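Presented below is the structure to which this report refers.
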Amino acid sequence: MSQNTTAVDRPDAPDRDTLLAMFEIQSRIKLCDERFRSLLTSGQIQLIYYSPRGQECISAGWGVHLRKDDYVVTIYRGLHDHLAKGVPLRELWAEFLGRATGTCKGKGGPMHITHPESGLMVTTGIVGSGIPIANGFGIAAQLDGTDQVTVVNFGDGATNIGAFHEGMNMAAVWKLPVVFVCQNNLYGEHTPMAMSTGVEFISERAAAYGMPGVTVNGNDPVATWKVMGEAIARARAGEGPTLVEARTYRFYGHLMGDAMEYMDKEERRLAMEADPVVMYREWLLANGHATEDQLGEMEEVITAAIDDAVEFAVNSPFPDESELYTDVFADDTKAATR
Amino acid sequence: MSTTTDTPITEAPVEHPVLPMASAINQALDIAMGLDPKVFLLGEDIAEPSGGVYKVTKGLSTKYGTARVRKTAISEAAIIGAAVGSAIAGYRPVAEIMMMDFLAVCLDQVTNHAGKIRYMSGGQTPVPLVIRTSAGAGRGFGAQHSELLEAWMIHTPGIKVVMPSTPADAKGLLLTAIFDDDPVLFIEQMMMYWDVKRFGGPVPPGDVRIPFGVADIKRAGSDVTLISYGRQVHDCLAAAEQLAQEGIEAEVVDLRTLVPCDEKTVFASVAKTKRAVVVHEAVTRCGFGAELSSRIHEELFGELAAPVQRVGGANTPVPYASNLEADFIPQVHDIVAAVKRTNK
Amino acid sequence: MSQNTTAVDRPDAPDRDTLLAMFEIQSRIKLCDERFRSLLTSGQIQLIYYSPRGQECISAGWGVHLRKDDYVVTIYRGLHDHLAKGVPLRELWAEFLGRATGTCKGKGGPMHITHPESGLMVTTGIVGSGIPIANGFGIAAQLDGTDQVTVVNFGDGATNIGAFHEGMNMAAVWKLPVVFVCQNNLYGEHTPMAMSTGVEFISERAAAYGMPGVTVNGNDPVATWKVMGEAIARARAGEGPTLVEARTYRFYGHLMGDAMEYMDKEERRLAMEADPVVMYREWLLANGHATEDQLGEMEEVITAAIDDAVEFAVNSPFPDESELYTDVFADDTKAATR
Amino acid sequence: MSTTTDTPITEAPVEHPVLPMASAINQALDIAMGLDPKVFLLGEDIAEPSGGVYKVTKGLSTKYGTARVRKTAISEAAIIGAAVGSAIAGYRPVAEIMMMDFLAVCLDQVTNHAGKIRYMSGGQTPVPLVIRTSAGAGRGFGAQHSELLEAWMIHTPGIKVVMPSTPADAKGLLLTAIFDDDPVLFIEQMMMYWDVKRFGGPVPPGDVRIPFGVADIKRAGSDVTLISYGRQVHDCLAAAEQLAQEGIEAEVVDLRTLVPCDEKTVFASVAKTKRAVVVHEAVTRCGFGAELSSRIHEELFGELAAPVQRVGGANTPVPYASNLEADFIPQVHDIVAAVKRTNK
């Protein structure tokens, strides 16, 4: 949604409930991220933090299409995906802070958020490795004969690693119900995509597997919603996988503390000026899809929930020392001692 | 002979049909697939008409269909990744990695994912998969198709490691592996697959499982303990026969599962014999023999008549030339010599 | 070169010397392979043998374009490539038989033939792994400022593994002087390509890296010669890599002893009927590029050379036992003992 | 303190500038590239403007150009493969694998190729490459970014393994690694990169190399030998100070290179002290401590006052929660306790 279009309504837009649902997810992500960054900056909390700020519309775009029993796999930069799939704020914050009350009892941390109840199945810290794993969920749905869909998220840089290639090929050959979402924020750590990648558009790579591939402006919520909807519908109908490249931008570099000296200042300024969440909000108002009060109240509710989650997390205990040795194996296999 | 914890194989009545190890493994897969629709297989060339490059999965795709016996591309990372995901989703995938050396192309899925996901999720997402892989030198395959890498996996938390020495053990342990809720690496030494004469054995019919963490004393003896697993157990038995002629009675402990490892049985035997020789085909340096040797010294310090001897592969890649390859692999005479060293 | 064209001359054919040079290489491969198989069948020698029979024209096609100082990387099914790059018969046979006089002192074996003198740099037994290694030779040539070209050979099945993807992308991004030759014999071990691969033509995969890709009938020596020449010229001129898919067929399955129950009998019969070496020979004669005497003499010379090589290899000693521990490290690092 | 085989670092005059380890590594790379045009670097994000995610390669791409400081895609197998090929072609590539856990995505190129090619070619094609990788827990990175996997590599023939504990050792050993004709895995513990206060040290200027296979006695003592390498050497020194207060004088042997390993120095020290404790951060089970423990018992059986003690990481993935992570990592008090066990 580029600046000058916020005033114009969109014939291709979904119904109001969906529009607002997307805004709710986007705001949840944006406000959570802002809270994390402020607490980190003020030194009240300490952790390695990969901000998803700027990529909100992508997760919201598939989030509103998925059912609770659909599967999502994501990466270290996963806060937006976790929230879009409905991982509860309290457990999420507690896990980020390594507390016993976290989604993973504090043992996984931000890079490994897991919450099967919400369908957030795997968060990996290894670039590309979530892709072959996502196929496993697709195989399970296929064998079970259900119409569950798996959405696996990864970055532009991840499309240069072997796991991407092997996973895409397997999904295509077996027509797995998996949607491959490449959140292309133009950088892999400190390296611009053009310096590392042989194609201009990641979606071009789908043809190497006989898989449909599409590029969408990931900062345009409506367009993203549409493309995600089509890909998810295909998967649900048993018509096979799709590669969706959603173009976006990383507002805060690779991780908290990144000096970003390798990023073009002007490029970044423009991207942040065109903040997709802010512009979507303007668009919703400008076209009467929502009132200031509605959105304001939504934001207040989210802010209150975040206050509560932070409070909960900060006051939660660290895991008991015995937890070091548990969960290595299902049984008490005495392999997990020193 | 049997440990106090009795196990089916050691009681196997002689009338059980004598099978090659490959058939015993095939039986286990067949029984598991028959018992539980959540069990499925994936790997390269495992479906009919060939039924796998070693024919270990013969007939299964015909019996259970290609949806449950899934022939894949040459994409080991995708194979293990798919096994990880489907295992988390409630299946019991049995993935085949054709040769153990190829673990190196998909190790990330094995160690960083299969091995860590239960832990990282705080126990929410178990990963009940089995990785079957064939391994071992002696077939003139050269340096990249002959390695035994169990030590890598034993050093890696979260993965159980099994390496059977007989068809009955292979069947019983594979059934246990498939229904175990943790990732299990199941190592099959290629040389034992079809050689009934040297490695065949009676296999009890049906769903007979062998528990993990229970070593099997394949031969009783009072003078020295030979600790081994997999094919080398047979070499230990051969060495024991030779030693018996010289009046040295060796006890042969077959660990069968390396993670978990039945240290109780090992310590009990060595406490009795005062002498231990650890034997495996894998490269000696930093092999599992080092771990076992350290544990024995830690537990039985002062009770041993000699330091624990390690007999393993040379600290070299596996050479091609038949004479060099034979030198690489620990042989019966190396075991005998090691025992002699404990008797100086 | 399909049956009915053997009578027709080819305007696009190279000069006579080149035509005969290709025939010489093809015959060398064909006759060597036949000797290996007969000695194996009669039990006079024992080894794991991957026959290249049927794929001769591909190696001959790049072989006549390469200089001695160009680099070649290949795989376990590499006999044809070894011979096309000029690895001497005696040392080659001795290595296949694991003798001290072999290219690698008997320590590598058929799957690891190495002969830097001929530019045969690496033979690997790991599917796909030669591809990233080939890039290293390309980088060396690039840094040295030479115009050396690297030709890396691999099969159709290899294009489904991660190393292919990573290697192709790196070569494209750095414009490396490497020619990627996919010898597509339609099977990977016991699996038909269609059951494992998301595309119909391997060459389609080049686009995923912004690399030119071309498919050629690898059984047509003239067409293959032309395509290889263009790709090698591009690389030599510093214009970057090319993916060449040469379609062919494995006459004798994956390895010696393969029951081939997974192969279509009729498909195989037709392929062997259209034996590319035999047909090329007919074509050379039919169009007066050579006389029966010329070709017959060539074949006799090769046969004699093979007799000599077999004799040499069979009578060579096995490596000295001390060789087990040498060549692990450059120095006497005492790490290589038991 | 120094071994009989004197090494530059141990003679380093105090006036040498005190640097963080990252700067010492950067110096070694700079010197090597200046000395030999065949030396080049490749890896993710290593070029300017950022100069690497840990800034270890800062400035080098500006000084030597991006043809010799090559920033790559996220393609570890392609990175190591390119290093292998160029090394065979006569270059001395220094590849960076950002974190050691990522070795798992490119291990095939490391073990099946870099490690075996010299051997498989009968010595015709050496592979003189260096793989630099950062490693270690303690930074709240969780299970997939904290592992130490030196044991895998020590078990793998054909690869030399180096793990320095001080900036001067890091510089001298990296220079030796780059000009060594074999593949070298060079392990850098991230926690030491920039922490000058705890891990900084004097670094002699210029091309000062430290030979492989020469351990450095970082502290002399007569009562017990602490054998370690990398960051844990500092913990051993701290433990030694504590023990000194109780009248126990510990000798601290810093192995510095694990393959080759200076067993001579280890055996000499333990023969003197009769007690040994091996300390590393890696998971204990099947870690290098097991190999060292076995070797010591094999060599000094009967001369020891107590079994060799192993102090290593827990046999678990690395947990995220700060308190659990601290428990995973062996601490000074664990070393002290282990020493006490040798004095019972």
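Think of it as A, B, C and D in the order they're written, each chain with its own count starting at 1.
Methods note: contacts are C-beta pairs under 8 Å (C-beta built on N, C-alpha and C of every residue); 3 or more make two chains touch, one makes a residue touch a chain.
Remember, it's a predicted structure, so these values are computed and weren't measured experimentally.
Chemist: Going by the touch criterion at the top, tell me which pair is linked by more C-beta contacts: A-D or C-D.
Modeler: Spelling it out, more C-beta pairs touch across C-D than across the other pair.
Chemist: Where the centre means the average of the CA atoms, what chain is farthest from subunit D?
Modeler: Max centre-to-centre separation from subunit D belongs to C.
Chemist: Let me have the rounded angstrom distance from the C-alpha centre of subunit B over to the C-alpha centre of subunit D, please.
Modeler: 32
Chemist: If you average the CA atoms of subunit B and of subunit C, how far apart do the two points sit, in angstrom?
Modeler: So the centre of subunit B lies 37 Å away from the centre of subunit C.
Chemist: Round to the nearest whole Å and give the separation of the Cα centres of subunit C and subunit D.
Modeler: Centre-to-centre distance between subunit C and subunit D: 41 Å.
Chemist: Can you list every residue of subunit A that touches 2 or more other chains, as numbers and ranges?
Modeler: 104, 106-109, 112, 124, 126, 129, 160-163, 166, 169, 173, 195-197, 328, 335-336
Chemist: Any chance you could list the residues of subunit B touching two or more other chains?
Modeler: 72-73, 75-77, 101-102, 104-105, 108, 112, 119-120, 142-144, 157-158, 285, 315-317, 319-320
Chemist: For the complex, which residues does subunit C have touching subunit D?
Modeler: Residues in contact with subunit D: 71, 73, 102-109, 112, 114-116, 121-122, 124, 126, 129, 131-143, 150, 162-163, 166-167, 169-170, 173-174, 326-331, 333-336.
Chemist: Touching residues of subunit D toward subunit C in the complex: what are they?
Modeler: Those in contact with subunit C are residues 40, 67-68, 70, 72-73, 75-91, 93, 108-109, 112-113, 117-126, 128, 157-158, 160, 180-182, 212-213, 259-261.
Chemist: So in the complex, the part of subunit B that touches subunit D is made up of which residues?
Modeler: Residues of subunit B touching subunit D: 77, 101-102, 104-105, 107-108, 110-112, 115-116, 119-120, 142-144, 149, 151-152, 154-158, 282-283, 285-291, 293-294, 297-298, 301, 304, 306-310, 315-317, 319-320.
Chemist: Taking the touch rule as given, give the residues of subunit B at its contact with subunit C in the complex, in rising order.
Modeler: Touch residues, subunit B against subunit C: 44-45, 49-50, 53, 71-77, 101-102, 104-105, 139-145, 284-285, 312-317, 319-324, 327-328.
Chemist: Could you please specify the touching residues of subunit A with respect to subunit C in the complex?
Modeler: Going by the criterion above, the answer is residues 160-166, 168-169, 172-173, 195-200, 204-205, 207-211.
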